[in-house]
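To start, the structure itself, in structure tokens.
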Amino acid sequence: MKKFTSVSDVKNLQEIIKKALQIKENPHSETEKGKGKTIGLVFLNSSLRTRLSSQIAAQNLGLNVLTLNAAQEAWNLEFADGAVMNGDTVEHIKDAIEVLNQYCDIIAVRCFAGMKSKEDDVNESILSQFEQHAKVPVVSLESATRHPLQSLADCITIIENWKKDHKPKVVLTWAPHIKPIAQAVGNSFAEWMQEMDVDFVIANPEGYDLDKSFTKDTKVIHNQDEALKDADFIYVKNWSSFDEYAAMPEVKENWMLTREKLENTNAAKVMHCLPVRRNVELSDEVMDGENSIIYQQAKNRIFSAQTVFSEILDEINSK
Amino acid sequence: MKKFTSVSDVKNLQEIIKKALQIKENPHSETEKGKGKTIGLVFLNSSLRTRLSSQIAAQNLGLNVLTLNAAQEAWNLEFADGAVMNGDTVEHIKDAIEVLNQYCDIIAVRCFAGMKSKEDDVNESILSQFEQHAKVPVVSLESATRHPLQSLADCITIIENWKKDHKPKVVLTWAPHIKPIAQAVGNSFAEWMQEMDVDFVIANPEGYDLDKSFTKDTKVIHNQDEALKDADFIYVKNWSSFDEYAAMPEVKENWMLTREKLENTNAAKVMHCLPVRRNVELSDEVMDGENSIIYQQAKNRIFSAQTVFSEILDEINSK
Amino acid sequence: MKKFTSVSDVKNLQEIIKKALQIKENPHSETEKGKGKTIGLVFLNSSLRTRLSSQIAAQNLGLNVLTLNAAQEAWNLEFADGAVMNGDTVEHIKDAIEVLNQYCDIIAVRCFAGMKSKEDDVNESILSQFEQHAKVPVVSLESATRHPLQSLADCITIIENWKKDHKPKVVLTWAPHIKPIAQAVGNSFAEWMQEMDVDFVIANPEGYDLDKSFTKDTKVIHNQDEALKDADFIYVKNWSSFDEYAAMPEVKENWMLTREKLENTNAAKVMHCLPVRRNVELSDEVMDGENSIIYQQAKNRIFSAQTVFSEILDEINSK
């Protein structure tokens, strides 16, 4: 694997999931693979699971880990090409990346959507600079439009929880929130589900359709009850409007996932990428109930990251 | 040892101190014990000694260390059960803990008293959530009412500095400060001294008596001169009022420990957990004088932590 | 090497550069040298290259690394001797250092000029406390008046890029900036160049002469064109006025380094310590052009630090 910023970097998803499950069985089987090599984890945004799971994954592979909280530990970065840097920004992102090229064998970066300019976010104004200037493999720890390490963990979790011989019905359902949230997790989950052998539908209120370039021909239903019917997996996630970018059009129905809503499903397993707003996105009952596989999903973040780092190290070591 | 949040988690204090002194002699004698295991150090508050000594202790045992500055690197946590999370908090503490369960073999947490609600602090509103939800051993790096790793280091330091054959007189004396400080270090020191073979008294101004559930039948003296007489060890520490919670009732006498006050003692050794407000809590002369064993005490934080982590690893490895 | 805070700590500069180049050839040749030892990296200021390169250097030597962002992770430190600490400061720097003495085998510290009191900065009010109170070797990660790890990396980079048999002409040229910047990099580069076998001149506008105690008898030219003529290396760096301390006297000419200005040189290699304000200090064309050896210089920060840590470990291990 040469880099990892979307599902298109994965040649064979079934193989990757299989490898991740093997790593989960024996996470310390490759402790020499990363020896003498360094991964830089660059955080332009907050992180808990991604931060910790990436570190564990890297340590399990024997990698040296450099963590940089860019804004707090370094300084404000400039992102505009050709900028006359006579303002608040202290270093251009491309210079920071060129320095990371000198210091790291893998660069992993977390760079959320700014939620101000649709164009900037759609064009991945930050991640694209890493893709352009990095001379070592780049791993996305969530970018403006995608969260692929999360999506791979989601796939692993679905496979682990599905032993029946028919295709599971997987529903990605929008959930309420109190502020505008990026579409990255939703977009990404849609892309990955399209590569999985599942029946996938998306449920969201009108005005909240995700970017068509991610959802493609996935069925989008504007009625949550209808969408959840007979679901085997329900993925709960908020996102703000894509069309009216970053807006939060009024939603009259209550889309919070409750235990009552699970009754109409096929004893659906409930997923969420965390952090979750309890009793806003889903109820305590669902979060703490037996249908939730949310913590298992969080654990699989380790094996998602470790598999990706391991594949990338294979590529590096083969040179 | 199954967890470490107070002296009651220690079966045999003399044995633990003996082990700590052995570890101090040879800190690199157990570098394989923690191999392949991960300790999460979660800081909800600032830290210097605890942060560094815990990392050294963990590294000495071969543990992987994950450090999380929760507020800065992740986000605001919700602590109220059943909360409708439509405000500033982004993730519920119990979800964060459940995720730490997936990632760590030991969870260590620093969570100061909030100093606003006596009930919350007395009930250890944060630590209790860790004790309730953690499925791996929990270590307190200081909580609302106790600082047990400090107290164990204090015991080690007293034993190291006492070669005579009679019981030493140990005085915990209140000291001035400029803002309301928690009672945790004082409470905890009282609890541990009650388990030690020492004559222990507490000196504090009226209005500053510590919680009786910690001091029990320890003699509390409201006159510093009287208390310090013939002292072998003096532990200097400020705390705010427990009765009138977090208040700072006026104190007319000057309780700052000075060299003059040492004259009446048995050449007492002076202790403080640090950080110390020089020339407020104690004078430069005392801090920098030959009676001070304060830096030795700081050093013993390593061996206190290493002993506890080692004992907990024994328990984990025995399963 | 007993400590490393200026060029005067280096006995034989040619030998040190030679060693650094050997380490660059084989950075993993001494992975056991630091085993069981701990380096504390204390940041009182922001850092990107220094932070990352120091960590890599330490890891390459097998050292345990403790990183402390003092203000964010610990608290405000008091620097005044004899202070009555009844204000904002929580711990005296000398107590913090004494604790670091207990925890670390090497203490490395970054402490910028405060840019308020010329006297404090000239006297290295912070670093001097480390030099006074540290009982283990101290390494400067940049102080008020010097940046010696940068300067050593600069020397390595010049040697790597000079194969001709005559002395190269090295020009340190002032560059514009938007706010007052310390003189540390300029001072330090001057000191080190005086020890190198080069023709060294400094170019800066009137009012911006560096402290004579650093520049000594180095030729200072107030006309940039004249200074750059036939240059083999150009080091671009801003600094504020030393005479009128931290002021920014008006400069009428444009001192930004542009491609046009390179025409008059001997195809000069361009250097900068980074971070750089693009199109303020130098133009995009120069930064991204073939004359720039700036990223190579950044890479050499690893080997500069590793050489120094290695030399200090030799001293420690010889005891």
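Letters A, B and C mark the chains as written, and numbering starts fresh at 1 in each.
In this section, contacts are C-beta pairs under 8 Å (C-beta built on N, C-alpha and C of every residue); 3 or more make two chains touch, one makes a residue touch a chain.
Computed from a prediction, not measured in an experiment: that's the story for all the values here.
**Student:** Which of line, ring, star, complete or other matches the graph of chains that touch?
**Tutor:** If you draw each chain as a dot and join those that touch, every dot ends up joined to every other.
**Student:** Given that chain A and chain B are copies of one sequence and touch, is their interface built from the same residue numbers on both sides (over half shared) or different ones?
**Tutor:** Answer different: the two copies use largely distinct residue numbers here.
**Student:** Could you tell me the distance, in whole angstrom, between the mean C-alpha positions of chain A and chain B?
**Tutor:** 39
**Student:** Residues touching two or more other chains, restricted to chain C: which are they?
**Tutor:** Within chain C, the residues that touch at least two other chains are 72.
**Student:** Along chain B, where are the residues that touch chain C in the complex?
**Tutor:** It comes out as residues 28, 43, 46-49, 51-53, 55-56, 59, 69, 72, 178, 274-280, 284, 287, 295-296, 298-299, 302.
**Student:** Taking the complex as given, what residues does chain C use to touch chain B?
**Tutor:** 36, 38, 40, 64, 66, 68, 70, 72-75, 78, 82-87, 90-92, 95-96, 98-103
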